[in-house]
Amino acid sequence: MKTLFNKILPHPVLTLVLWGVWLLLNNTIGAGHIVLGLILAIFIPWLTSGFWPEKIRIQSPFTLLKFLGVVLWDILVANMSVAKLILSPNKNLKPGFFYIDLDIQTPLGISLLANTISLTPGTVSCDLTEDRKQLLVHALHIEDIPATIKEIKERYEAPLKKVFTAC
Amino acid sequence: MTAITLLSFNLPIAALLPFVGAIFAAWAANINRLASAWVAAFVTILALAFLAPSMAMVFAGETLIQSWTWMPVIGLEFAFRFDGLALLFSLLILVIGLLVIIYARYYLSKKDSMGRFFAYLLMFMGSMLGIVLSENLIQMVVFWELTSLTSFLLISYWQHRQDARAGARMALVITGGGGLALLAGVLLLGHVVGSYNLTDVLSAGELIRGHDLYFPILVLILLGVFTKSAQFPFHFWLPHAMAAPTPVSAYLHSATMVKAGIFLLARFFPVLSGTPEWTWLVGGAGLITFLLGAYFALFQHDIKGLLAYSTISHLGLITLLFGFGTQLAAVAAIFHIINHATFKASLFMVAGIIDHETGTRDMRRINGLLKYMPHTAVLAMIAAAAMAGVPLLNGFLSKEMFFDQALTASGSSVWAWAIPILVVLAAVFSVAYSLRFIHDVFFNGDPINLPKTPHEPPRFMKIPVDLLVIICLAVGMIPMFTVAPILAVAVAGTLQTTPPEYSLAIWHGFNLPLLMSFIALVLGVLVYTMRKRLFEWHESGMAHWDARIIFNAVLGVIGAFANRVTRSFDKGSLQNATVWVLVTALLAGFIGFTTVSAPLFGDRELLPVDGVSVLAIAILMVASVLTVAWHRKRLIALVMLGVVGLIISLMFVKFSAPDLALTQLSVEIVTVILLLLALYFLPQTTPKETSDLRVSRDIVIALLSGVGVTLLAMAVLTRDFAPISEFFLLNSVPGGGGTNVVNVILVDFRGTDTLGEIAVLALAGLGIFAMLQGMKLHAPAQDSVGRIWNSDLHPEIMQTLTRLLLPLMLMIAIYIFLRGHNLPGGGFIAGLIAAVALIVQYLSNGIAWTNDRLKFDMHWVIGFGLLIATATGLVAMGLGYPFMTTAFTYLNWPVVGKFEVASAIAFDLGVFLVVVGATVMSLVELGKLSDQSHQAQPSLNGSTQSTSALKSQQETN
Amino acid sequence: MFEWILSALIIIGAFFTLVGSIGLYKLPDFFMRLHGPTKATTLGVGALLIASALYFSFKTDDISLHEILITVFLFITAPVSAHLMAKAAIHIKLKQVKRTQNEIK
Amino acid sequence: MLETALFIGFAMVSIAIFLSFLRLIKGPDVPDRILALDTLYINSIALLVLLGLYFQSALYFEAALLIAVMGFVGTIGLSKYLLRGDIME
Amino acid sequence: MEWLISLAIGVLTATGVYLTLRARTFPVVLGLTLLAYAVNIFLFAMGRLTVGLPAVIDKTAEAAQYSDPLPQALVLTAIVIAFGMTAFLIVLALKARGELGNDHVDGLDVESNHASNKEAK
Amino acid sequence: MSHLTAWPVFLPLITGFILILAHMGGIRLQRAISFLAVIGLVLLSMTLISATSTDQYQVYLLGNWTAPFGIVLVLDRLSALMVLITSLLAVGALWYAMTTDTDKKGAHFHILFQLQLFGLNGAFLTGDVFNLFVFFEVLLLASYGLLLHGNGRLRTKAGLHYVVINLVGSTLFLFAVGALYGVLGTLNIADMAAKIAIAPQEDLGVIAGAGLLLLVVFGVKAAMFPLYLWMPSAYANTSAPVAALFAIMTKVGIYSIIRVHGTLFGDEAGELTYFYAPWVLGLGLVTLFLAALGVMAARGLREQVAYLVLASVATLLIGVGLMSPAALNATLYYLIHSTLIAGAMFLLADVVLRGRGDYEDRFESGPFMPNAILIGSVFMIGAIAMTGMPPLSGFFGKVLILSAALDDTWFAVIITVVLVSGLITILSMARSGSLIFYKTLSKDAVVSSKPIEPLNRMAFIAVIGLLLSSPALVIFAQPITAFTEATAHQVFNSAAYIEAVLSTPMVTEANK
């Protein structure tokens, strides 16, 4: 039973997401599209299941939501300050590179962390070492590197690690 | 309706019989060596037999015509004519042909292919018969050119010999070329007369001579005549044709082919003669040829060379006679045709016997053959005497008539005194060379260093000569009982009226012609006795004068010219070719526009300009100029091209064409990816190698093109028009079931375009697949500045997140696909999005990984796509509607609600599949190229070459 | 009121888009310029898309949320692009301004 | 009100596009240009959203969505080319 | 606006033509792509330019209020065809590079070109 | 409405995708499918020929949309004739490809071959200019693939040139069609003609400019001076069966001029009536002269045949440029001849090449090839036909054209150029024939790394078969010229064409 279910719905989360995407795309919650969307949301993950060998497991949905909220807020706030930085004279800026030692090890986790770092203004994740242990980040203006690293690890890496634990 | 008798179809049978016989003759060679000769002889006799019944009609003064329609559009009939002239020539062709066949059967050696020889000979015989029997002039030209072709084959029969090949080709070019002139003349003649049939042409002499086109017609026809009959200045091919086997020379170069031109003179005599142009051209050429041939004949050391020049001379004589333009001159001409054919054919045969028996034809080595072959010597002496115009032989009679005409016909001219003198001069040389032929060959001491010891040839080889010599004697002594009837009908056939009074008596009393003959004989002997000094004089000057040198020089010049023109126009350069196309297009547009007087611009109201558009288009223009300016740095040029593509998409959005914008965007990116894939294998920069001049030329062409296109666009945009599009807008929903008119046009109104378009895509995919099979290129291990590539094949972050995108993008693709009929979108765009979704996977995960997970062979995707698209169209056919007729309906299902089902959607699905299949196939196959190349690297020789090529490339940069 | 919110969103969005491009234009090295477009992506386009969603939800009978998709899509892809560009820049050893801390050579 | 905001919006986005294009021209290196092109793509999305609002048409959505998708693909393609030369392997 | 568009078409054509006349395959491909862009806009413009009109049938609008859909359909076809052609050409350019040893459109390298010229003389 | 009209287009398409789906099924399966389809096409086109004998136009409304809104296929004598020639040529080319295993030298030969036929037949049948463009692209892309089939340096280079020039040509095509649409507002050939007839004077300049631009496009296809530079090396360097099939490619250009220009700028076009014809005539004459020089300058047999094809195309252009029913009749007769014989000659050149080892088809003394007498005799027949010597069809074609030219003011120039070029080609062919077949090296002097292949008799059948068309054209000249004459008159009656296309009604339940 479970294997059959697995075969039909290899990635239930994905199915849900796609279903939502379909309804968003069509900008409707009409009955026809709900049915069609569900069919597609089941069909496409099945079709592309080969591309997703590992199962995505979300351990703590609440943490994820909270994380998303934090990120959105950070984007808002940080954008303002970065805008100020950009509009101020270049010579005031103190750019810099730094490595973050990663605790998180799942590929999706690392990727999302890197994305988060890039999305929040002021930092861009530039490179991942080949051993996946360190992330190279560039900051537009940075005064205290260790503090920033610490903040990133606490604010973003920790919740992400909590959400995506399994392989 | 006349009853079908032999006389209603015997002429074509006789003419075509030899062609059929040729096949049998070739085939018979498989049986035994001589079978071909038997076939040839049999066919000749059969042809004679077919003609025989109609001869009586001709002797009764009738003309037999047999015709069938062939190409009525141009008045070409399959038509044959048998009158006196045709009768005479048919007899010459067939009788002498038969003798030559007998002779050749013994002449050819064991090494020679009998089948080929007799097949060619029969084909030639058929062609000659065709000429003389044709009623339709175009048909006659056909046979005329056939004689050129078959004589080419016969002259080059000994194809291993350089002189045979060269001689054959020269003969072909001269006589074939003359044939083309003849064709032109005949066409004009037919145009003037309104018919190509001889009957009509012969009765329109007055009309033709009075027509504006008379002179061109005359010149063109005479070109045919002069080339074929070796008249000055085209005479030179004939001596070179002597490389042919002697039976061929005896047949073609004495009795038949060279007489074809003469035949034509006779044929057109009633129509074209009688004008000063005729007299000057025909008479002039004849006289010069007569003299020239006689003079050169004397100095030949090759027996056949002597005979060839002698033939030229005699042909000149006949031509001159026709040139006189009088009826009596024509009689003399025809009489001499007969006589020349007999004595010259026998002389050629004798030459062949000598060649056969001694192994050489050089008269400086051949001496005193009288003791080795007395019988042959006697025959030769009689024939040569006939050639010299010795009394009691046929040559004497016609020469007397000739002298007579030379005196009377030119009587009124200012140059009256010149012609008889020149004529006698030529006759003197005729006597001299005839004497040389006899004396130098059969007397004059002993042979020198001959390859073989000569003796009499086989009896049957002499029989043809015997017969011909007997004819010479018989005609010469009792003309009234031998040649008279045939001459009479031939003259009647030529003149197409009652022939004039003439006498064939041997003795006309002491008169001026007889005196001329006498002078010629005496002086001829005298000239021959002075030969030593004359030869020295000749060798010191004239001998080096050979028209062949001029001929070859002309050919060389033409060849060099051809080479220069061809290579300087077709340089094998793409740039050159493209420039021509572009310049022509520019000129065409300009010329076309200026053909009519019309204003460039109309007065349609124009749209206002807004700031955003100005900015966008300014960027577009700058970006495209920069694409050019930076085209040497290829990657950067590609980035600039990306900007151009992006702005164009935005323009499409702005101008209410969302479908186009979507397509442009997708295509743009796929193109960039494609170019990136390719750029990996190409030099990263473009060397500067074109000259400044070339660059400025290209800039001028580019600017003119730009200006031209701008003006063209404005010319249209400033005018109003009434397009058919309203129909589409009105019928899209009721007729096509979709509100997106563009999509309905694509899948319904103009679905066939789309079908063609997906075929193009499918072909691109398959073509690329085919091209890339086994292709290996140098895969650089470092970039253009020498950096080793990054070791991270598939950056993890990209890998992880793009996998997430796959289902998302497929969802978008399906969304775009399904809405396409009613809203912007459709199979194309959806297909491209889906393809991009897959390509992104290849980009971030690599080919091997992705292929493992994507188990479709793109061939199948393309095939099924085409299948579905076509099947949708075929279903309509099954229902009795035209291909591609669509249908749609609205269904109302519980829960789901009302929705549309349209067959056009199925068609669009086909489109979708082909787009996906072809795009992915193209890109992935290209991507695989690097794998193949990486694997091939160490072992392949070619790769080291291309590496060095690459290095040199980079050094130049 | 609705128009005010809409107008504010439009101007905020356009402003951050502009700021992103200003950053791209004026900042002194590639790695610093890389920060510019993230502004444009996140707040700039985000705000504009929300404006659009609001506008179409209220102007027409149906709600219009599909603009969110573009935002989400950009949020996933923009960092990946930035990452790859940076990686490429590091690979080809682009120079950084002198004062960059932990300069990569 | 909205008109004015849209006008200002168009003006700012136009300037943004102009600046991005200037960077594209100035370079100085290939990554700068790739970045500038990427930014142009994103600016275009902004422009399209404004156009959609201006013409009150929802039909610009797909174009914007597609620009987002295609811009991304183009950028990663170009970047990967710089990294590896061989973008599909 | 028409002048602006026509000029854009003209500039694209001119640049396309110039690149098409270059001696190496890659610029030629770029040139043909630019030419394809030029002709696509041209073809599109032949339906006359309209701004802000509905792209799909809307019951409230009349025929005159739509942009001409036919050239759009044609351009769509032309775009896709041009893509297929470009794809084929670029792969052919690679094949030529492999078989001729360089990326000159005539398979000549600068040096070898000079050499063969000398030889010919 | 007879569905038969549509089948020449769809049969090769269907065969094409069946072959795609069957591409794993091995070469024998593909050959069987492909060959059957081509034979089917011959039978089909013969049926179509007889269907057109009533002088009726068969207008097929694709998608059941009336002209000018939908795309129509128009079957008349001319299109039926073109389809027949194509399929006959295809049989020969395909047979040769199969018997010599040329189709195994690379991937997808049969698919490309069938889709090439799809494009060709579509181009011959369509009644819509843009659709003509699409079919042009189909046949071009297929031809690109076929041209490059197999390998070789020169082939690749020639292919590159061919592709680029044709891409430029396609661009020009779109410019021309776009401009015409921009003024006339329609794409259907008949409808365009109808609209040109009533176009206001101030629009005529643009129409004429676009018309001549379109002539350049067709001129590129037809290999008209100075647009033919892609052609000689492309034909000379591709594989033999492909070159043979390509004999029809140039005729597509000729056909298009006859069809499109002949209709658009026909009798009804007022000031623009036949305004393009003098250009075609003049450029045709120049082409012919240059082609003859090319024949002379050729360094190998295949190149020579390519230039001979150029000469034949030039002759056709002259016929088209003369613009009279008689000249068009002549053109069509010559077109049948030149297409099939050119096909045969390309195959024959390959036969020669295979028999000469390393010496290939170059004009230099080589080995005495196996079956030299047979091949040489066939060569001579081909050369006679090709150079327009009697008694084969080339001669009669030329005579037809020349006799039609007599009414033209330029007749003296035309006759001179045609005949002088003819002489040059005769001279050149005599030289090449004697070099290849006569002037052979002794056995010891022959050094060849490539094998000297014995004559492939099965393959030779294709050569003979195609060559037989020449005597057939002569022997059956009466019915054939009757057909071509009727065709020419039909083509000149553009009013009837316009009427037929624009008045064909939709299929409804009532009339189907």
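The letters A, B, C, D, E and F name the chains in turn, as written, and every chain counts its residues from 1.
Basically, a contact is a pair of C-beta atoms (placed from the backbone, for glycine too) under 8 Å apart; a residue touches a chain by one contact, two chains touch by 3 or more.
Model, not experiment: these values are computed from the prediction.
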**Target chain F, source chain A, minimum contact steps** = 2
**Prompt:** Which chain has its C-alpha centroid at the greatest distance from the C-alpha centroid of chain C?
**Reply:** B
**Request:** Could you compare the number of C-beta pairs in contact for B-D with that for A-C and name the larger?
**Result:** B-D
**Asked** Using the mean of all protein Cα atoms as the middle point, what chain has its own Cα mean nearest that point?
**Response** F
**Item:** Per Cα centroids, the chain farthest from chain F
**Value:** A
**Prompt:** What whole-number Å value describes the gap between the mean CA coordinates of chain A and chain E?
**Reply:** 40
**Message:** Quick check: how many Å separate the C-alpha centres of chain B and chain C?
**Reply:** 70
**Computed distance of Cα centres, chain F from chain D, in Å** = 48
**Asked** Just curious, how far off is chain B from chain A if you go by their C-alpha centres, in Å?
**Response** 74
**Complete:** Among chain E residues, those touching two or more other chains are 20, 25, 28, 38, 40, 42, 45-47, 52, 54-56, 70, 74, 77, 81, 84-85, 88, 92-93, 95, 105-106
**Item:** Where chain D touches two or more other chains, by residue
**Value:** 10-11, 17, 30, 34, 58-59, 65, 69, 76, 80, 82-83
**Request:** Quick one: which residues in chain F touch 2 or more of the other chains?
**Result:** 130, 134, 137, 141, 144-145, 148, 157, 160-161, 164, 168, 175, 178-179, 181-182, 187
**Chains that touch, pairwise** = A-B, A-C, B-C, B-D, B-E, B-F, C-D, D-E, E-F
**Asked** In their shared complex, at which residues does chain F touch chain E?
**Response** 130, 134, 137, 141, 144-145, 148, 151-153, 156-157, 159-161, 163-164, 167-168, 170-171, 174-175, 177-179, 181-182, 187
**Request:** Give every residue of chain E touching chain F within the complex, in rising order.
**Result:** 20, 25, 28, 32, 35-36, 38-40, 42-43, 45-47, 70-71, 74, 77-78, 81, 84-85, 88-89, 92-93, 95-96, 99-100, 105-107
**Request:** Would you mind writing out the residues of chain C in touch with chain D in their complex?
**Result:** 3-4, 6-8, 10-11, 13-15, 17-18, 20-22, 24-25, 30, 33-34, 36-37, 40-41, 44-45, 48-49, 51-52, 55-56, 59, 64, 66-67, 69-70, 73-74, 77-78, 80-81, 84-85, 87-89, 91-92, 94
**Item:** Contact footprint of chain D on chain E as seen in their complex
**Value:** 52, 54-56
**Item:** chain D residues within the chain E interface of the complex
**Value:** 55, 57, 59
